[in-house]
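As structure tokens, here come the structures.
After this come two complexes, each holding chain A, first together with chain B and then together with chain C.
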Partner chain A sequence: MEYKIVITGVTGAGKTTAIRAVSEIEPVSTDVGNHDAAVAKEFTTVGLDYGEITLSNGHVLRLYGTPGQVRFEFMWQILAKGALGLIILMDNSQENALASLDTYLDSFSELIDRTACVVGVGRLESHPQPDLDSYAARLAQRNVHCPVVPVDVRRKADVLMLFDLLLTQLELKTETADDFS
Partner chain B sequence: MIVVTSSTNSKRASEVGLRRYHVVGLDDRCEKRLHAIINLLESKTSSKWVHDPVTYDLLIIGAEPHKTVPSGVCQRSFDLLTGGRGMDCALLKLPSIVEVLEDVDAKLKAASNASQKKVSKEKERAMQLTRWPNTSLLVARPDYLKLATLLLARPLTLSDLVQLSGVDEETCTAFVSKLSEEGLLRFSSVSTSSNTVSTGPGKRLFAMIRERLGLKPTFS
Partner chain C sequence: MIFHDSMRDAVGQVIDKLVEAVGAVRAVVVSSEDGFELVSRASDKSHVSRLSAMASSMTALGAMAGEECKIGDFRSITLEAEEGVILLLQARRPDGNLILSVIAESKAIIGQVLFYSKRAAEQLQQV
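After this line comes the complex of A and B, so read on.
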């Protein structure tokens, strides 16, 4: 049996890095050269990232990183289908971070309603605004109830914290948990 | 005139015996003197007072308080120090300041106790977070992140929270009191007992993921 967790967020937020931190295989990425001058990275994911974790009963947990650009939104819906939960990674150094958050909340609303979500905000130290409380306020305004925490995906402990918070919510949502039994 | 007001800006969980104050509207000389006096008073006050311009329990305001009080802060004004004219530093009399600090400390303690009693009364009612709490509250203790996540996911009674988190009741109560003070809790007559937490294959799935990632089990 297969399960999946989806990691989404803006280009450059570190989805590939986050998957690499926990995947037992080297992530399979469909990166190409980045031509978007607004994003300070050489390569960007046009398709998706993929990693996996084999559970003790032999079942596989698949980790999917979505392409960041909105033009690949059609893929987000495909990846969201049947997922256990969602991790949203934000890059606070990019402009209009809260508007970007809205985009992901809209696109993954069905998954968020059905399961659980956690928002990790990166580069807060160098770019403190908007702060975490602004993100929390935006989530509340959108009637989305999920944790929002600072994260540096280069640190495995931070990535594990995101999974921990996601699983904690899933474990408490009885019906959701049993949906995936 | 000097106005002293307790503040609703104190979003950080107060450590035991520690209070925070901030000063606005006083000239530099007056303000420095006030800091020095409050520092010297440590042995004479029930709580230790430290200057914190961000999250404070007490705001000491100079002239024209209506112009200097940040909006939303001055909800409980005491007007404890009045008299004199302008910024007369002679007003900064040590006994008066002790009296003010002790009075505000007592009122804050009373408010906190009332809030804790309210929480105790609500002990068997389910409660749920209406939004993710402010960072200043969450960073007060490492356990708070877990407690907030549990309370966000589903309505829980205080007993549920203690049982599920494995965090001691005193810490849970203090956290819930803070959330209640800030109006972040929604109480419900429908209690969702902890024994309804998934025990089926769904729970086993999440336990296996935790095990594989090297994460501690959520539930003690």
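After this line comes the complex of A and C, so read on.
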């Protein structure tokens, strides 16, 4: 079984890093020089990132990372097609984190409704606010039911945990759907 | 990259010459490789910023496909559609690569559009 998983979230949250941390193949990356003064980083993804990982149960996850900036929203729509789950990565050191979360919840609402979603929040230790409860409250307010967890995308174990949570969510959703069918 | 006015002017001159040389051009946009518009000439300006971002994504994906297939460095993409043609070319610069997007109507002669666009891309490397 193969799953297409989309990893999105704010610029600088570490989508490219997360895929690089877990991919078994050399990841495909479309990073170019960043010219946006509002974002303090040298390179930025403008197309997509791609990586693959085989889980212990033999399932293969095909990982698609999106660009973070809203001006690349057309890539979000392209990459969401046929996906079986969404991971949203947030960077708590950036201002207006909850408002940023809304941007991704809005743009990926169809995918979130259809499949499952997990939110991973980075740099919580250095920037504790907003805390995970605030994220959870925001998601509940938006009627989105998904786990919110702290994550360090440089750590393979952290990224794998996001996939575990996502697949659990997917299974729960499928079972619930079966109950009503 | 900081887009100085003098650079904008020089880039503007290059693309004005391109528009003049090639008939039936709907739009010409020069943007940074991460999708910011630098200079454009278009009958309808409303699409320019989105087009800049799309040109950035397409060029980056094209470059990766070329690398995957081991056919060397990226030069250009030609996109043919029912009613027109889009050419995307890269101008390599030490201060950051630029992307030249040329949108021509189907009545334009593709070979001619490609010839003048490539020449313009070469000039963009020098300005």
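Observations on the model:
Quick note on the criterion: the second predicted complex is superposed on the first by the 162 of 181 C-alpha atoms of A that agree within 3 Å, B and C clash if a C-alpha of one lies under 4 Å from a C-alpha of the other, contacts with A are read in each partner's own complex, and residues count from 1 in each chain.
Heads up, the rule we're going with is that contacts are C-beta pairs under 8 Å (C-beta built on N, C-alpha and C of every residue); 3 or more make two chains touch, one makes a residue touch a chain.
The structure displayed is predicted, hence computed values, not measured ones.
Contact with neither chain B nor chain C is seen for A:Ser126 once the two complexes are overlaid on the shared chain.
Residue contacts after overlaying the shared chain place A:Leu48 against chain C, while chain B stays out of touching range. After overlaying the two complexes on the shared chain, residue contacts for A:Arg71 are found with chain C alone; chain B is out of touch. Of the two partner chains placed by superposition, only chain B is touched by A:Asn57; chain C is not.
Legend: residue contacts after superposition of the two complexes on their common chain; A:Thr30 is shown touching chain C, with no touch to chain B. Of the two partner chains, chain B is the only one touched by A:Phe163; chain C is not. Among chain B and chain C, the chain that touches a larger number of residues in chain A is B.
Within chain A, not a single residue is touched by chain B in the first complex and by chain C in the second. Every residue of chain B that touches chain A in the complex is listed here, in rising order: 129-135, 145-146, 148-150, 152-154, 164, 196-198, 200-206, 208-215, 218-219. Interface of chain A with chain B (complex): residues 3, 22, 53-57, 59, 61, 116, 131-133, 136-137, 139-140, 145-149, 160, 163-165, 167-174, 176-181. Those residues of chain A that touch chain C in the complex are listed here as 28-36, 44, 46-48, 67, 69, 71-72, 74-75.
Residues of chain C that touch chain A in their complex: 1, 32-36, 49-50, 53-54, 56-58, 60-61, 63-64, 68, 96-97.
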